[in-house]
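Presented sequentially are two complexes of chain A, the first with chain B as partner and the second with chain C.
For the complex of A and B:
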């Protein structure tokens, strides 16, 4: 059973799907060795939060989504241009008369970032589900009848991770990063969740998209 | 206190307390000792929390944008009282009503239009004053800017009188350590700006809210998102993210970054705490109303308080002030915040009995039609206040007190309005003026009190002694620090070491 037929959509009855297997080709390389600690600390440590427009556009680009698909509260109210503009460090000149961004993340910013990233990842997975031939993330992962990954540490899962890092962070993952996300797949499988494979794809995407490296510059 | 020594004033006060056998002496000396510590040191030592005794007080700031004129409300001047009545902003005697046993006045206005807007304005402040006089305090003011944004901010910082902190930040610092979002700010422009003291704990700074009805949707990281992974899977994902963030080259390179440190604290501390409170439900007044608001379809629900609150504020979704006031109540009720700021914006809001809920520029529409604009906007503010106070009174704080018993409402405003008018004109425009007064309401205030007064011949206010409350006719100098201090003293905020003036005149004896 291919992952693109599993339960991202509650309406899909997983067990009724005919078994099929898609093989993928793992890229040669694509994974960097473990970080050796040889990077100097930034003396100034000046980081800026990316803000609503930039986050939305980068998430859209990373997941090959239309910008309007990234996040919509209740399916219709845009997260980054209407509902959560201020927590994401945006401005609201016409409404609140706020012409300058707050300049610092607020207490609700992490939750809003989580929502935007999760929403984008779920939207990508949903599109991959409906158009498997042009899937961006859900390429050839094999799942069993319980919607678990058959080989949660196999080459297809690694391929997903490499693809995520390249798309979102423009670099290869390191070996520990691959290991951690593969372990996440095993752990989610072990939880026995009804949509384990789908949960892992979205969760792995969420981990990368909402990482500090992804939301600061 | 400097270098561990009491100042002369502190020593005298301590000796007088000791001589009187006052139980306040230990607290006073503790305050002196702690004045030598930085705010961060106090926080780290838990001294502020110790002083709270688990009983916070609450500040609600109403940002009366545009210049709410005190002589168009509680200090209005009758024409018969002024020898310059035709040329200054005085009212026909019949429009200025007195309230028995109270120094406040109440203005009644009937106008056929609001400037060029064909909306009748029929307002009467009498019922509000009669109902709330005992908990009202009006203090005259002279501010220092007639620029809207600057004046708005100065109304909250006392013109940087205490390290540039806003009142809301001071209250959050005093009482907010255990609140998940101590300082929520729904105001506009200068009222929404943070102070300039960068050394406060991060939680003290205002959480800006653009739309009070939709804002609760951002109070959970995953609920309300279709097809999101289960909580168990997300917990694993967040743990993985935390581990990878710390290990990554990026994380190590910027390990000393203030922004990243704050981010990690917010993610690992505040987020987890907030999500357990289920605020995405408790603060959500929206009903399930598909297709516009398909709450159920997205696994969300309406606040258990929605029926009570929306009955009081039925236009919460379309009128920002009603929505803000409703949210303010819930933020206090659920102990989410100890300081909430709300108020009208400068944009037109359609609604209300006559089709207009908010005129363009709010109180600043007085440029076009002073009297009708002031009457309309005061009615808007007082109507919302009355409802909000009613809700706060109905909600117990503990076994002996209501939320209202521990709340102070400060109606901050940019500045006053010019007093001159063409001879006997009832319809005229006004400009910005430093001279004004402000309204505060609280059971903790010295109620039924006017601090200062008004000269009927100029309709300008004069000052007062912030310690004794004695009126000082002729005093026209800036007193932003007195107002700032009065709010904080009433809320029992520890101001030791601040250099703020004694504003005992504000506090209930």
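For the complex of A and C:
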């Protein structure tokens, strides 16, 4: 199953632009191994996981954060260079004598990627909501007194999505991708919770940063 | 298993086997700048793998066993030809094709790779050929550690095809001077970890450990220095100088003396004689086989424990330190390893009158009672089958070899591709390491420019 997942990631990531319509057949226990992502397959399939340093750099650049802000456990221990370095494919040469990376991702790697992406997105959203004049992602978005989106499907929301994709993946989003994140905005707004704008941008950011296209190259 | 081996007759990996194989198949990838490891025919000598076992009945059939080395050498070509059309490991590829493609005919997991293009196209990348945008983004991630921005991508896409290719070289040079690449714990240091094999608790100097014995930062500094700019990569094994690192930004420069390195320049030979190498790999050993094997593995890519790089020397091993290495099970490797280790005889590890120094009578002064013949260990030895008078010569022969050039390029190939060269990548790989060795005069930076322009690197 793991190999199938990597194959799927390879197809989707290397094409760097999912098709407008795809049909994914979900079988018992996972995605149909025959599913090709709707795109021509790479001849080489040499997809590589970005690993700790590159992931941290990528998330920092995408969200305009200092590298040290991306993720810290307990607010002080860096996730990618200290706490979770081994699951992310790093090494620990001086302490543990691990001179080379394991060569394969571990069972906890996806969780760590999610953790780092969520931390980075939360940090960016917090900064944007605190200082809207200098917002990076929530630029131009109108929120009410409870920080709910005034127009969750308006042009400003669409522009936030475009900006997010350009920053993280260096491409424009496809229409299905825009539609999916706009629907997410509507759904979150409909719950009536305060700070819906923050919840939405954190979720949207997480979707993009934790995608296969974002974490493989 | 042992009984099976005995019943089948003695079948030690023969000293002439690799040479005869390469005389039979001179263009096989196993013979381009190297010789095949024993594992081509053996699981571990004497146990044969399925390919080796399939050869045995064709080796001078009817002749009494064991065959002499001469008879074996005479019989091997015919035996190899006799099994060419068979498929010993049952992977669907004939033995001959596997030998021609550089995959193992005794291992069903090792089969020739083919990169065939699937039907259809993708809107963003050409998945069948070198793609400039893909290559540029990959290059930035590999060497700078971060993707281009949206704005940079738009600028790149506006360039002509020729300008895009030229821009790749400009970008590579820029990235090779970043902290991500050459800084402390950057990518060059990461390449060096398995060579230096640091131990934090024994570190001296910056980030000192509980038992500070030597400062391996010096080893990283020399390694990094030899990999950047217009520097000669061979000097990692031959340098008669030391390297110091300054920070903000990181820079490496040479110095004739360093307080942390007690080795005199006459006997210095790059990282083979650094304080850390001698402390960690020689330690308290009379005949430091571990040090020799590690240098062989780290810098020539030859792991004796995996039966790689075996060039048996006639009359060896002599077993000067009475470790029993003349037993047949040991001799297959020690006929190479022991003469590889002799040039370390006077390089001291820890204590004994001079930590990490050259002591002319080191064995006589510190180990004379260890074994009856131990003081007869010569300083002269062999590396890659060539005689050398001392360790400095060892470094020169090793660093000028095909094995060194292949090992350097293989390190970067694995780093950039995520795997050693596959059978379909071998033609580009061979061109790359040959150019590194010849026209580029062992300059890594020039080699990297070649590498990022290969199809293997730039085709998604």
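By definition in this document, the second predicted complex is superposed on the first by the 171 of 217 C-alpha atoms of A that agree within 3 Å, B and C clash if a C-alpha of one lies under 4 Å from a C-alpha of the other, contacts with A are read in each partner's own complex, and residues count from 1 in each chain.
Rule of thumb we're sticking to: a contact is a pair of C-beta atoms (placed from the backbone, for glycine too) under 8 Å apart; a residue touches a chain by one contact, two chains touch by 3 or more.
Given the structure is predicted, the values throughout are model-derived calculations rather than measurements.
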Partner chain(s) touched by A:167 [first = chain B, second = chain C, both, neither]: second
Partner chain(s) touched by A:104 [first = chain B, second = chain C, both, neither]: first
Chain B versus chain C as contact partner of A:61, first or second or both or neither: second
First, second, both or neither for A:119, with chain B first and chain C second: first
Per-residue contact with chain A, leading partner among chain C and chain B: B
Touched partner set for A:39, first chain B, second chain C, both or neither: both
Chain B/chain C common contact set on chain A: 39-42, 46, 48, 94-95, 97
Residue ranges of chain A touching chain B (in the complex, touch as defined): 8-10, 35, 37, 39-42, 45-49, 73-77, 82-87, 92, 94-98, 102, 104-112, 114-115, 118-119, 122, 125-126, 174, 176-177, 180-181, 183-184, 187-188, 191, 193, 195-196, 198-200, 202-204, 206-207, 210-213, 216
For the chain B and chain A complex, residues of the former touching the latter: 149, 180-181, 187-189, 192, 194, 202-203, 205, 207-211, 214-215, 217-222, 224-230, 232-234, 236-237, 240-241, 243-245, 247-260, 262-264, 266-267, 270-271, 274-275, 292-295, 297-298, 300, 345-347
Touch list for chain A against partner chain C, complex: 14-17, 39-44, 46, 48, 50, 53-54, 57-58, 61, 91, 93-95, 97, 99-100, 166-167, 170-171, 217
Chain A-facing residues of chain C, complex: 115-125, 127-128, 134, 137-138, 141, 145-150, 153, 180, 190, 193-194, 197-200, 203, 207, 417-419, 456, 459-460
